[in-house]
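In what comes next, subunit A is part of two complexes: it sits with subunit B in the first one and with subunit C in the second one.
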Partner chain A sequence: MNNPAITKIDFKALKYIADGGAILGSGGGGDPYVGRLMAQQAWGSNNTVAVIDIDELPDDALILPIAMMGAPTVMLEKFSSGEEIPKLISMMERFLGKKVAAILCIEAGGLNSTIPFIAAAQMQLPIVDGDAMGRAFPELQMVTFTLGGIQATPMAMMDEKGNGATFDTISNSWAEKLARALTIEMGGAAMVSLYPVTAAQCRNYLIRGSLTKAHRIGQIMAEHGANACAALVEEFDGTHLFQGRVRDVNRVSEGGFARGTVKLEGLGDFINREITLSFQNEFLIAREGDNVLATTPDLITLLDIFSGDAVTTELVKYGLPVNVLGLPCDPIWQSPQALEIVGPRYFKLDYDYKPI
Partner chain B sequence: MIRVGIDVGGTNTDAVVMKNDEFLGGEKSPSTPDVYTGVELAVRGALARASINANQVDAVMLGTTHFVNALVERKRLANCGLIRMCLPSGSSLFPFADWPNELVEAINGTFHLVNGGYEMDGTEIAPLNEEQLLKAADELFEKGCRQIAISSVFATVRNDMEHEAKKLLQKKRPKIDVSLSCDIGRMGLLERENAAIINASLKPLAKEVVEAFQKLQGSVGFDCPLFFTRNDGTLIDANEVLRLPVLTFACGPTNSMRGAAYLSGIKDALVVDIGGTTTDVGEVINGFPRLAGTSVTVADVRTNFSMPDVLSIGLGGGSRIRPEQPLAIGPESVGHELLQRAYIFGGDVLTASDLAVSIGRAKMGTHAAPEIENADELKQLLDQIISDAVARTRTSDKQMPVIAVGGGSVLLGAQVDGLEVIRPPHHDLANAVGAAIAQISGEVSKVVSLSEELDRETAIAQITQEANEMAISRGADITSLSMLSLSDVPLSYLPGNNLAISVTVVGDLKMEQRK
Partner chain C sequence: MNNPAITKIDFKALKYIADGGAILGSGGGGDPYVGRLMAQQAWGSNNTVAVIDIDELPDDALILPIAMMGAPTVMLEKFSSGEEIPKLISMMERFLGKKVAAILCIEAGGLNSTIPFIAAAQMQLPIVDGDAMGRAFPELQMVTFTLGGIQATPMAMMDEKGNGATFDTISNSWAEKLARALTIEMGGAAMVSLYPVTAAQCRNYLIRGSLTKAHRIGQIMAEHGANACAALVEEFDGTHLFQGRVRDVNRVSEGGFARGTVKLEGLGDFINREITLSFQNEFLIAREGDNVLATTPDLITLLDIFSGDAVTTELVKYGLPVNVLGLPCDPIWQSPQALEIVGPRYFKLDYDYKPI
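So, the complex of A and B:
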């Protein structure tokens, strides 16, 4: 992966990032399409957003991550008002007594791969090439910053009606718990700013180059279409885990998360085989009987056989033929300490993590 | 039971007469600019060949490309405005986002956002503001909109605000025609309102088309109901088309695939439909087309209907050939002028049909096939183009037949991409046959709250029963009902375990009730 870092995002580049973000979403995080259109509306025609390397910023520069929290499905119906982000940022600046220097994407997978571009455009700020997940995860504390002892709070939340709140919690798990409860009251989705960091604080824990990676994935998808899966395996050291047709989707909604299983019946080279995928917003594990093909934190992504587009856990449906792509997670997630917060056992799956 | 199926395409209009499962006769006639003349010729021809009198016919089923062509050509579309009930939410993403500019201009597309809409649990985001709504409508009216589409946030959960808004609008301005998003699309505000806007833009044309066919009914002497075929291969009453034309606009490929499966007796196959200008390739599974997985783009606008997954390429019997290097076949076509302009019909344009005759794949025309210099290379190119399209449509290396239909199917050889090609009898009338065999559907979408008393299976069974009842009330035969599609998606962030279930069932049209 020796692609030159991107430095400027225009509409076309944003589309690549959105398509790549859908792959990095690992089935979750929502469809980045809506976020991309919102960013386009926010920055108007003929504009671009600057992308910078973290090392271009002085140690004391304040970086604010901006994200959407809640159910991405809600964002398909109830769009934000467009006022949330400037209000959030001024709340955070007041709270911290400092001006923000750059925007950060906290989650390079799913809808949140494009949301920070709305902020960067509205505030005319650069965006840092990196993120704190390298994919999508369902809970707020599941970020590399937690491993570095960086606090999620002070955190601010704002709904489309103009209601705002700030949080000051004793742990990142508490921030998750309280923020999620308020998200539900706000109608299922809200804009948040959390994990305010200085450049010095986050240098060691940032997953660098995530935007460049998402952009490159989108580019490969545009070039290879239906054959994108093979090309992505090649370029990102991934694994073609399976090819099959969806034979059953069983969903339940528990505690605000969409959980369930998907059964796939093999096609092509995988004929006469069957695998089961389990998900909690994102795909967590791919199993063939008791044999584990891949587990979180590695990425498990479905691609539509015909279009090569990513298929989210919300859109997966009976009869759909898909390729199952496994991509290695960032190495930072492989330590025992990291696996405690994002490994299979955290999701109550009785399996050990085995890197793909 | 005697049914007449009619397919109005860009190039030809086809009509067939079927008696139960038996094909009695059919006729192909060039489409005419006024539509009416071409249809009448085809219908009269088909009836004559079948030796059936118009008054013996029990039902007429019609599929037409009028609507999709109007959209693609950006012609004959009404000026439209959209009112979205969403404020204070919604301003971050305006309606018409991601539309091609020419299409927005063709319908003079304009919009207003007003208070209203629902949260996902059905509580109001804001109450409907009558004064604000009517003011928005006034402004749209002054800009020349007589067609107004209305959308509201989570209309899929609750649709009463859209209905209330329609009532208020029509009371104030009876001349305004209203399309509601809740009648048309599924979850996804942008895609649903896109569909509602398209519907609104097609309404005046729908009136013209329906009236033309009703007039035809009289002049030919039919004494039976007239149905249109919908995107999913089922039927809609002609009067409903006036209200919801968008539900019929992608019926062409569906009818052709259903017709191909029916005529060949093969339920699982790839279907290649070659017309005068384009070739559609799709897959049928159990006699129905495989549907597109996620959203569908129609005339460059993203919508979320259930539509067949079809690959369309610019190759047909009328495709122009460039015989010198670099060789090319299509996408330019002589279209419906094939019978005048191709060499084999005495014209002076080298077309794909000339090539087919020249290489011995077809016998047709009034004149001898021309000498073609690079005939072998062109033959390879032709096979390559079709093989590529078929290969892209296949889901596996499993052997399955390719059913070739449509007037241009003579272009195909004996094999495509290593698969056997089958040309069923009457293959050039597959679309009209697909229309004639269309069934009645019932579809119900509901949010249910699962509990210990109500599990997922029971809830699905209850909703299936409601869908069955809807199909029966529309005229379906109870003994023929079967499930066409089922989806259940949970709504997270609601207390309890809530599931949005949607079921579509289909059945044959029941005829005993008539006469």
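So, the complex of A and C:
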């Protein structure tokens, strides 16, 4: 990627990041429209947020990720009260006995690329250009930090009613298990802060430049509209996996996740073909019969044929014509150790990971 | 009650409190044998614990209740690692920015009257003679403190694996909801500290002398054995509600509770009669057809006919011959406001409370 790094984000630039984040969200990470509305509500029009490189921070600077956790189907309807983030940050600062120096985006996504900017604006803090997934994943232990042995806890959680909780767990999988149970009880989605890291810890495991990348993707979408898919394939070494119309959607909310499958029947060059996508918040696999087109951790994203916008798993519906874009994941996810936590077999899909 | 207040508890006296606590537990609050084993493991034989009157403490002294939360069926098999209590106390002290002056028993019960003594011995703190229910109730908002507008949170929770959480909720019912969900995720039972109170807050709402009362009940049981039921009826204004043999037990674990019914067919003076008891951790009602013999908040306890020991809801089994003892609840529970949170209708039982 040879685009210049972004350094300042205003509300217009945030729209690019939300739209681009939704592409990187691989079907999850929340809806960019919701992300934008939340930002508008919390942010007003006068704010800008400074985006910084991790190397600008001293080793001991405390960096705090902020995100919304829960099923995207719920996030779509459950708005933040605007008070969760300042409360979360003060809970974490109190717990850690240290002031926060910068905000971090834990995953890419239409909503979860936007929320850290709301936090940064509210708290007048800079935001680090990067994230810990390079995409969205459904479970909280699925971050590069876990590969580095960094703890998810102390972790704090707030709902829009004003209920808060903190966690201190023996593993990141236990943090996922406990936080997921509470998310369900809080109504299916909650605001969280987790993986408090120092800049030194962060340097080795951050997926750098992902905000610049999301921003660039958003720009391309604005420029190319319906042709965004082809433009993104070209600029980001992607693959145009399929073009088709949604024939079936099976969607259930279980265990705090949105799970299901989507069947597409081919259009254009793909006529008379049919593929099936499975998802748990995010798309996990695209198959044509037993032939795997792409699997997690690579990115699988649907784009509306007419608008070029990302179609998240909670918004896929019968009849919608879409392009299926495959993008390579960050190389950090391709090691056997990484595939154990984010590869298809973790999700009980009986296929090997085959990079696109 | 004219018994002298207890002031010092050794391991032998703790057995009385566990046995007597199980009678006050109204079928819940945990098994006294498990309570005794946990104490033995944690306590050794050299310890004694000072029991004090609430009025011995200055107004601003911090009093911390410690209890096990969860389904009694699980508590029976899930032992403490011994490390939860010191961790809970240090979490709470850190959260509150204040040292704990004394431990409190939140509910009576074979296990939950014992655990505060383990805490007091481990932390070398005195324990206040009293509790916040005068019996056991299934949900954490069902304490006298709720009547006084005292918050359950900050609340801390630890499991035996080392996972911890804290809560800060908008109501005591929300604390129950969130903590219950986490208890389930932690395996069905966890150690908790909640309702941190000052001595000043505590004075008006404490049910005073309940440790002395549990101790006295334990002594009576040791003296009277199989005849304990009659002796308790006499000393504590109780009622011998029934004598019978267990004919049916329906028991399910749901939502983190042990729920079910027990049918008894009469023996002795009660021959040819039949009653049904319903429980949610604790016994809630004893009915003969539509005729109510006793309901929550009064105490309904089963005693083994041969040993005189309390039979908790998780240990009731087919064929067991039992006496059913009714004891009046503390008068604080008889107001309309109190009955809203602990009366039969809260538990969806379509009967009015009729004091025994």
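Observations on the structure shown:
Keep in mind that, in the parts below, the second predicted complex is superposed on the first by the 354 of 356 C-alpha atoms of A that agree within 3 Å, B and C clash if a C-alpha of one lies under 4 Å from a C-alpha of the other, contacts with A are read in each partner's own complex, and residues count from 1 in each chain.
Throughout what follows, a contact is a pair of C-beta atoms (placed from the backbone, for glycine too) under 8 Å apart; a residue touches a chain by one contact, two chains touch by 3 or more.
These numbers were taken from a predicted model, which means no experiment stands behind them.
Subunit A is touched at more residues by one of its partners, and among subunit B and subunit C that partner is B. When the two complexes are overlaid on their common chain A, residue A:Gly148 makes contact with neither subunit B nor subunit C. By the touch criterion stated above, A:Thr166 is placed in contact with subunit C alone, subunit B being left untouched.
Of the two partner chains, subunit B is the only one that A:Gly188 touches; subunit C does not reach it.
Of the two partner chains placed by the overlay, only subunit C lies in contact with A:Lys177; subunit B stays clear of it. Counting contacts as defined above, subunit A residues 161-162, 184 meet subunit B in one complex and subunit C in the other. Residues 161-170, 174, 177-178, 181-182, 184-186 of subunit C touch subunit A in their complex.
Within the complex, the subunit B residues that touch subunit A are 86-94, 97-98, 117, 119-120, 125, 153-154, 156, 187-190, 285, 290-291, 293-294, 309, 392-393, 395-398, 456, 486-494, 497-499. Taken together, the subunit A residues at the contact with subunit B in this complex read 34, 37-38, 40-42, 70-71, 73-74, 76-83, 118, 160-162, 183-184, 187-188, 226, 245, 249-254, 256-258, 260, 267-268, 271, 304-307, 309, 311, 314-315, 317-321.
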